[in-house]
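Here you go, one structure.
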Amino acid sequence: MKWSLPALAALLLFYPFILTGPFYWDIGVAFLLAAISASAWNIVGGYAGQVSVGHSMFFGVGAYTPLLFYHLWGLPPVAGVPAGMLVSLALAVAIGMPTFRLQGHYFSMATIAVAELIRIFVGTWDLVGAAIGLQGPAVGRAWWDLTFRSELPYYYIFLAVLAVVLYTTFEVERSRFGYYLRAIKAGERAARSLGVPVRATKLKALMLSAVFTSVAGSLYSIKTGFIDPESGFGILVSVQMVIIAALGGAGTLFGPLIGALLLVPLQTATNTWFGGGGSGLTYILYGGIIVLLARFEPGGMHEWWQRVAPRLMRRSHAA
Amino acid sequence: MLLSAQNISKAFGSFLAVRGADLAVAEGEIIGLIGPNGAGKSTFFNCLAGDAVPTTGRVLFDGIDVTRASAEAHARAGIGRTFQVPATFEDMTVLENVMVGAFLRHHHRGTARETALRIVEMTGLARQSAQRARSLGTPGRKRLEIARVLATGPRLMLLDEALAGLTPTELQQAIALVRRIHELGITLVIVEHIMEVIMTLAQRVLVFNQGHVIAHGNPREIVANEAVIEAYLGRGHRRRREAP
Amino acid sequence: MLLVQVIVGGLLLGAIYALFSSGLTLIWGMMNFINFAHGEFVMLGMYVALLVVVWLGGGPASFGFAAAFALFVLGVIVYISLIRHVMRGPMLAQILSTFGLALLLRYTAFWIFSANFVSLPQVSLSGTVNVAGILMPVPQLVAGIAAIALTLALHLLLTRTTVGSQLLAVAEDRNAAMLMGIRPDRMQALAWGLAAGSAGIAGALMAMSYPWSPSVGETFGLTAFVVVTLGGFGSVPGAMYAGLIIGLIQALSAYWFGPIYKDIVVYALFAALLWLRPQGLMGKA
């Protein structure tokens, strides 16, 4: 499949010129954002097998800091991105250190609890806009405010970030760190017996994942120019990351992309079909998909394809 | 003494799985550990390997106190172990499994891979190196575990029933492999039920029963030892043997 | 005096927390499995109570029983169709299974019942009782007492009956239990039924005093996590004490800091527990 990677890159690069206009560009941007977030989650949830269901905490932090920097000090939102990354890093350490020495469930429970804690708390804190949230610059004062009227510049910025996340994941996969992550997922006790520093490795994975998720959040709030507790820290933000990665194939490089490819158009479609109340039905659908995945194909589409493709090949050769 | 375990006890609540067990292994030896099921061998092993912290006693490795050290630290110090029920990384290939072991001493992918390839070759897994571990049968998995631990460059290997469930041919191959490992200079402590393995490989044998060592000597002495026979077969057998 | 009332109110609610959390800790101790949909079981119990009252005009006994029974059945169904299959698989599948179930149940409830808060039209139990100067609303008093009684009953069931010892045997050592002729599968299905049933009846008890919407499941689920962590992995008595403590802390937080903070304090307590004493009050580490 050597040709597929350049083909994919070309497709992503030229997509806005293949399908033109705000409607398609909007979907494209949504796809990229979903792919970035899910790929970020994938590092700790997919490769290391530490299932975080509260990753919105990192997304929210990354989403709030740029608008906060603008709101408090009039700085361009981009200036807040590194701060978001630092805070997310600290949060990752705060959560990972106690829970990674316990059974896996504690980590998962902690992620939900802390995400909720932050969401509620931010909703009461006036400094960060409380329940109303924060807004970015309505009209850009200069190019570095990144307030573009067209989706196109955002598309390419997001694409660049996606490329960075994917490349990092690729390098991780081949490295000692990556092998250790997979060993931890496959069997912690055996990994320990081979000298894998389990706790430290998990922590590193969470930190890396947190930083990337934070950047995804920043991209989101810079583009939409608005954030509130629900869109930053809500459980549905966490759910979306998990389902996209899991649907495509958690623990694989392109799994999150495949998941985003399947789910983002689906979400756009259901939102249109079901109208305003559509989000309720969309989440019923999400819940159902997650349950079915867990029950029948936890490896996602990637795993399914690996099982089915050889059979298809054989049949086409026989024909 | 490469490994010295003194007065090891391990309690689970009020149940004493191991009590006052001692073990001294000199570098280059092959020690056999036998005993009926439930005698505490695996728990003792876990204490030696850092998987469990003994309630009393000390474990010294090359003079360093490793009693409370983590399993990771044990591996880094040079103690490797296999598991009674193979715990291979099912979704990773044979080569990848061994590479995880190799990465302990070789931080770069290139050298880790080379080491892993060499070991895969040596342990007879070359043909399956690209297969997922889950596609191997139990004998294959046991061999993979050995290969994986070997890749960590241990000075001492604790093998927990690594030769169980093999056909006669496989058994001979496995015994030959263990000999090759020994020739590399690695000290071995082997838990086994198969007497042939103990007789041919072990230089000294410890017999466990109900948590402590009941006999200790070379294989020939052990097999003839009354207490050992009684442990395995019960009192009645001893009386029957005494009748003319 | 108001403080004492707050304390009593908190303990009564805490008793209900104890009831539904004991089911969660039973499953956790027995199968090393965390049910992320447990809060939704409570929420569904509340709606079952509502339906019984509205459609059948039933009183507390009938809607309590209905909630227990309906959720018991749901629990068994969930075990047989889903949990049994993911139990022995990868962690991701295990966590996703009940997490996805939670979403499914929650948003289906949103769709059927809408997001509006509802409350139970209360007819039989009403009014307040004055006990030594403390005013206690009858529904809350009855609910609290019933919850304690049921939690105790569950504990006794587990420790004093044959079925209970079979359940505990499976929890202790699955293989040994099989050798003794116990069928782990059946016991685990029963455990799920009991856990869901106790969650359901807890919901029905709460419905007598508090309004709710499908969103409460999420909060109850998290509360249950905190309670079982504080009480200790697998310990039903632990869940009982922890439930009371959490109810108390929540009530005091609302009283001293304001209602918004009641959840924040509980979640913060959870984080602190993880750092300082994850094995909780009575659990094995």
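Letters are used for the chains, namely A, B and C, taken in the order the chains are written, and counting of residues starts over at 1 for each.
The rule is short, and it goes like this: a contact is a pair of C-beta atoms (placed from the backbone, for glycine too) under 8 Å apart; a residue touches a chain by one contact, two chains touch by 3 or more.
The model shown is predicted, which means the values in this text are computed figures rather than measured ones.
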Far-end chain from subunit A, centres as C-alpha averages: B
Chain pair, A-C or A-B, that carries the greater number of C-beta contacts: A-C
Subunit A and subunit B: spacing of chain centres that average the CA atoms, whole Å: 44
Distance between the centres, which are taken as Cα means, of subunit C and subunit A, whole angstrom: 32
Complex contacts: residues of subunit C adjacent to subunit A: 28, 32, 34, 36, 82, 85-86, 89-97, 99-108, 110-111, 218, 222, 225-226, 229, 260-261, 263-264, 267-268, 270-271, 274-275, 278
Residue numbers on subunit A that touch subunit B, as the complex places them: 174-176, 179-180, 182-183, 186-187, 189-198
Parts of subunit B lying in touch with subunit A, wherever the complex brings them together: 49, 51, 70-72, 74-76, 80-81, 83, 87-92, 96, 99-101, 103-104, 107-109, 112, 148-149, 152
Subunit C partner contacts - residues on subunit A that touch it in the complex: 45-46, 49, 51, 53, 95, 97-99, 102-106, 108-110, 112-114, 116-117, 120-121, 123-124, 185, 235, 239, 242, 246, 250, 277, 280-281, 283-284, 286-291, 293-295, 298
